[in-house]
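By written order: A, B, C and D. Residues from 1 in each chain.
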Amino acid sequence: MATHRFRPTRYHNVIGTAEPCLRIADGDTLITDTIDASGLDAREIAVANRPNPMTGPFFIEGAEAGDTLAVRIDRLTPSRATGWTYSPLATTVLEPAAMAERVPQQRVVWDIDTKAGFVKLQEPVKGLEVFAPAIEPMIGCFGVVPAGGQALSTATSAQNGGNMDYRLFGPGTTAWFPVSVPGALFYLGDGHACQGDGEIVGTGIETSFEMEVTFHVLKRKITWPRGETAEDIFTIGNARPLDQALQHATTEMSRWLGEDYGLDVRAASHLMGQVVRYDIGNVFNPAFTVACRIAKKWLTKR
Amino acid sequence: MATHRFRPTRYHNVIGTAEPCLRIADGDTLITDTIDASGLDAREIAVANRPNPMTGPFFIEGAEAGDTLAVRIDRLTPSRATGWTYSPLATTVLEPAAMAERVPQQRVVWDIDTKAGFVKLQEPVKGLEVFAPAIEPMIGCFGVVPAGGQALSTATSAQNGGNMDYRLFGPGTTAWFPVSVPGALFYLGDGHACQGDGEIVGTGIETSFEMEVTFHVLKRKITWPRGETAEDIFTIGNARPLDQALQHATTEMSRWLGEDYGLDVRAASHLMGQVVRYDIGNVFNPAFTVACRIAKKWLTKR
Amino acid sequence: MATHRFRPTRYHNVIGTAEPCLRIADGDTLITDTIDASGLDAREIAVANRPNPMTGPFFIEGAEAGDTLAVRIDRLTPSRATGWTYSPLATTVLEPAAMAERVPQQRVVWDIDTKAGFVKLQEPVKGLEVFAPAIEPMIGCFGVVPAGGQALSTATSAQNGGNMDYRLFGPGTTAWFPVSVPGALFYLGDGHACQGDGEIVGTGIETSFEMEVTFHVLKRKITWPRGETAEDIFTIGNARPLDQALQHATTEMSRWLGEDYGLDVRAASHLMGQVVRYDIGNVFNPAFTVACRIAKKWLTKR
Amino acid sequence: MATHRFRPTRYHNVIGTAEPCLRIADGDTLITDTIDASGLDAREIAVANRPNPMTGPFFIEGAEAGDTLAVRIDRLTPSRATGWTYSPLATTVLEPAAMAERVPQQRVVWDIDTKAGFVKLQEPVKGLEVFAPAIEPMIGCFGVVPAGGQALSTATSAQNGGNMDYRLFGPGTTAWFPVSVPGALFYLGDGHACQGDGEIVGTGIETSFEMEVTFHVLKRKITWPRGETAEDIFTIGNARPLDQALQHATTEMSRWLGEDYGLDVRAASHLMGQVVRYDIGNVFNPAFTVACRIAKKWLTKR
């Protein structure tokens, strides 16, 4: 159960097979640095290009095609005191008729006050003088190499994870990814100091991070990413339109309830019908992300 | 501020102009009975046909085209001790590949224990022996007459409300509807003892209710339904696919933040980008429902 | 087999149950006038309001709920020498990123030269000096009363027909509609002198018409509109997104091939897989329209 | 203007950067072999795996990132006397309610009679005894390496082409692809002896081919694939849902009309609005394909 401290020197804009930057044993912990979505590091120096330059890939020993890689997010610490966002709202979330009044895209800077625990717009904006949402750090883009020799842009996401931009991928959450190649080849980056549902301005509060994660190889097969928090389990679908992303997540949850909780498809539907929650990870990227979530209080492990 | 007690004798399967069953003054409260989605009343006698037979219409005095009708949901009391749901999961929420394994549709009965405060499957189901979600009553279908002489099926929803099946339409919530005709002509029904997100089995726990609501006419114009709970404000979009429903809700919220909270579109995007929440009302009916929700703690009334 | 000449004096903006303007026997022919989508008649006088004011409803004797009304389009004669269109391209057909460069909406007038057989922009436009597409008249909006007491806006379409804006609804085509009320209650209007696929500027060349159609009541049941031209049979789906409209049309065609041409679902798929054609009626209205079309040369009536 | 005859020995299931199998000069012609979608060659021997094993990549000399590669399809000759298809209709084209009656997937063989010029089911099917559509060969999957280091599965398509399954990619058509890497790196395969719109059984008539194509490097930039036949020009959008694919194709066509035909966006909309045609390439693969097509008779090259 070693802890590895890795400092990246190169970054990746696709998630595909590449030379591992480090080999890590099953059960080990990784502490590493990530840069922001536009390639700015902790010193705000541009060290890589868009989109979402990734740290990695990490070769997880023992992971084979068909396995599942569990990644526990132990800690996400912003490594600088500012982050940035875009405005206005993305074209994907506005009625066509509202497009005409859309103002030009602008990048603004937020102060990240890790001591006080909140973020705040650096330049005052009318009506938002006291607006200071809590720092709720999350990983925007992470995952493992996809199947079949594909190399997928870090702008998008798929069964292997990627740019899901789901705010529950924060400290305390364990994310599961379906492994397609020996070693899984895990990448991570695109950290956000906070973000609402849907990433509807096209960004969270984008900044560089020191991230700490712990790996476990599970000898079981999943189809779409899954996750577990202190209170919930959830499944992820990545696709367009949102309807299809929701279908993937819902079907994966129904499978999970069967595998681990002894519910056949009819029983699973009784439970999901009354207590399911859906979250929209992103409705901005090429593939949208929907999470299907169930509180663990309703479940009994078989 | 009178309270009216109305006992319906006929029901409606479209929301359109019809003879009012009662005239109610602005500010008054209505206590009335609703029957379940399939037409069963408090005695479980079939007194009307599908889909979603409505009680109403109520003529709200003072409401004119262009106004907004605010409906505060004061109380939703199940009027019988059972409700019913369907299984399995709806075809709209499953991957096409999972359709082949879909089991036949079945109707099951739940006990509604209003004293204990939860619902429970009447016949035991393996794995759900202790499953008893809390009664969280909600109105599945309600709204006012749509514009332009339309009469819309209570199976679906639109700008005027209708079959939105959103679980936050429960006690304590005030819903706003855009008025298109004199008196607004308000309908309500399709109560659920509880329901998860998306109404993904095609039903909540369908039962008859005694409902108590209070009306206020607002001399302001809205485009899509809006709502307010103790903690949140929200806007509703009804359309297919989910993407379009979300666009309507998001655009309406951006407008609202401008009208009442002094935020221009850029400021609204800064706030929404970091703290917005999306809920999926239904992903089952002809029009899907998405709510765009903001916690009131982030907002300062102008 | 009488021919009726009807001159309308009032128009309708919803397709729903209303007082019939004329009763017509099964087998009879109707010659009537329609006004354009914005309510201008043959003299260019505004006599009704948007959207798509309809002539009708016509009560077709012998038509009962569950029947099919066949409407043969005998003749569509523009009743004035001009029509109008909008520019630029509709927001529904542009990439979001292209919205920013969208020019303001403008209405332009076209000359309709019925003698020469083409239309031409009245004011010269650079690059279109010789652009003169043929007059290929079509009915934009027609259909019968929908089921369940609904009254649907003539802006949209559904199983009962409506604003489908499909260019094959021209002379020589027979359209089938599913009947929901005694007499079917048939409406028609919104003629176009010509139109490309998709109605992508939000209009065809909108003008007033003298229309001649002949009715036959078929004692058979259909679910979605169907049609037949000299060369093809086709089915219509009306929904959003296009995917869903296509699913309705395709499923209806598979049913038709079974009913009339002796093909089971597997045989129908062999045929459709190799020779099906899809046309996009409109990708502009609230419900989009997709036609699934098969050349009659591949079919043998059972 | 040399002609190269290349016999492949290995195949590719992603379109990404790989060692070129041959270098070809701008203006040269290539004759090569392709195997069918499941990897069967001209002898019906399995020599590669699904999905859609590609021949290539071919390095086209002079092609640079930002250029366009024009590929004229000179000849597509089936290299064996049989092809295969699936039945029944794909889940993507059926109403959810029709899924329940879907029969199991089956693979059937067709005779390809190149002398007579048609295909025919090998085993008789009731109602299709005389069904023999013409051989209209087409390339299902072809294109160049995508941008940014991606390697995309040959199951899908994107801006770089790929598995578009559009029936107008046949002999006489010239296809244009946006070049992202030196040499473009062109792949081709997945030939169909014929196919209806949408590839709605999940296949055309899949067989091996000898393909002859000629390359030209154009020093101009495009965003989505384009094509030209004897009668038409067309643009391609690849995405889900169909609506988005159509938006890409339409926007690209509007650009093209500006670049080569002197039409500003308003003039382009006047022309497209009245004469545009949409074709659905596929509504089966992960990305759907829509073509936006304009007859050349309406256009005057600037």
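The rule is short, and it goes like this: a contact is a pair of C-beta atoms (placed from the backbone, for glycine too) under 8 Å apart; a residue touches a chain by one contact, two chains touch by 3 or more.
All figures in this text were calculated on a predicted structure; none of them were measured in a lab.
**Q** So which has more C-beta pairs touching, A-D or B-D?
**A** So, comparing the two chain pairs, more contacts are at A-D.
**Q** Using the average of all C-alpha atoms in each chain as its centre, how far is it in Å between chain A and chain D?
**A** Comparing mean C-alpha positions, chain D is 34 Å from chain A.
**Q** Which whole number of Å gives the spacing of the CA centres of chain A and chain B?
**A** Chain centroid spacing, chain A to chain B, equals 32 Å.
**Q** Centroid of chain B to centroid of chain D, CA atoms only: how many Å?
**A** So the centroids are 47 Å from each other.
**Q** Taking each residue of chain B in turn, which ones touch at least two of the other chains?
**A** Residues 92, 96-97, 102, 240-241 of chain B each touch two or more of the other chains.
**Q** Take each protein chain as a node, join two nodes whenever their chains touch, and name the resulting shape: line, ring, star, complete or other.
**A** Contact pattern: complete, every chain touching every other.
**Q** Per the contact definition, I'd like the list of chain C residues that touch chain A in the complex.
**A** 91-92, 96-97, 99-100, 102, 241
**Q** For the complex, give me every residue of chain A touching chain D.
**A** 13-14, 16, 51, 148-153, 239-241, 244
**Q** Please output the residues of chain B touching chain A within their complex, sorted ascending.
**A** These residues of chain B touch chain A: 85-89, 92-98, 101-103, 106, 108, 119, 121, 125-128, 130-131, 133, 194-201, 203-205, 240-243, 246-248, 250-251, 254, 261-280, 283, 288, 298, 300.
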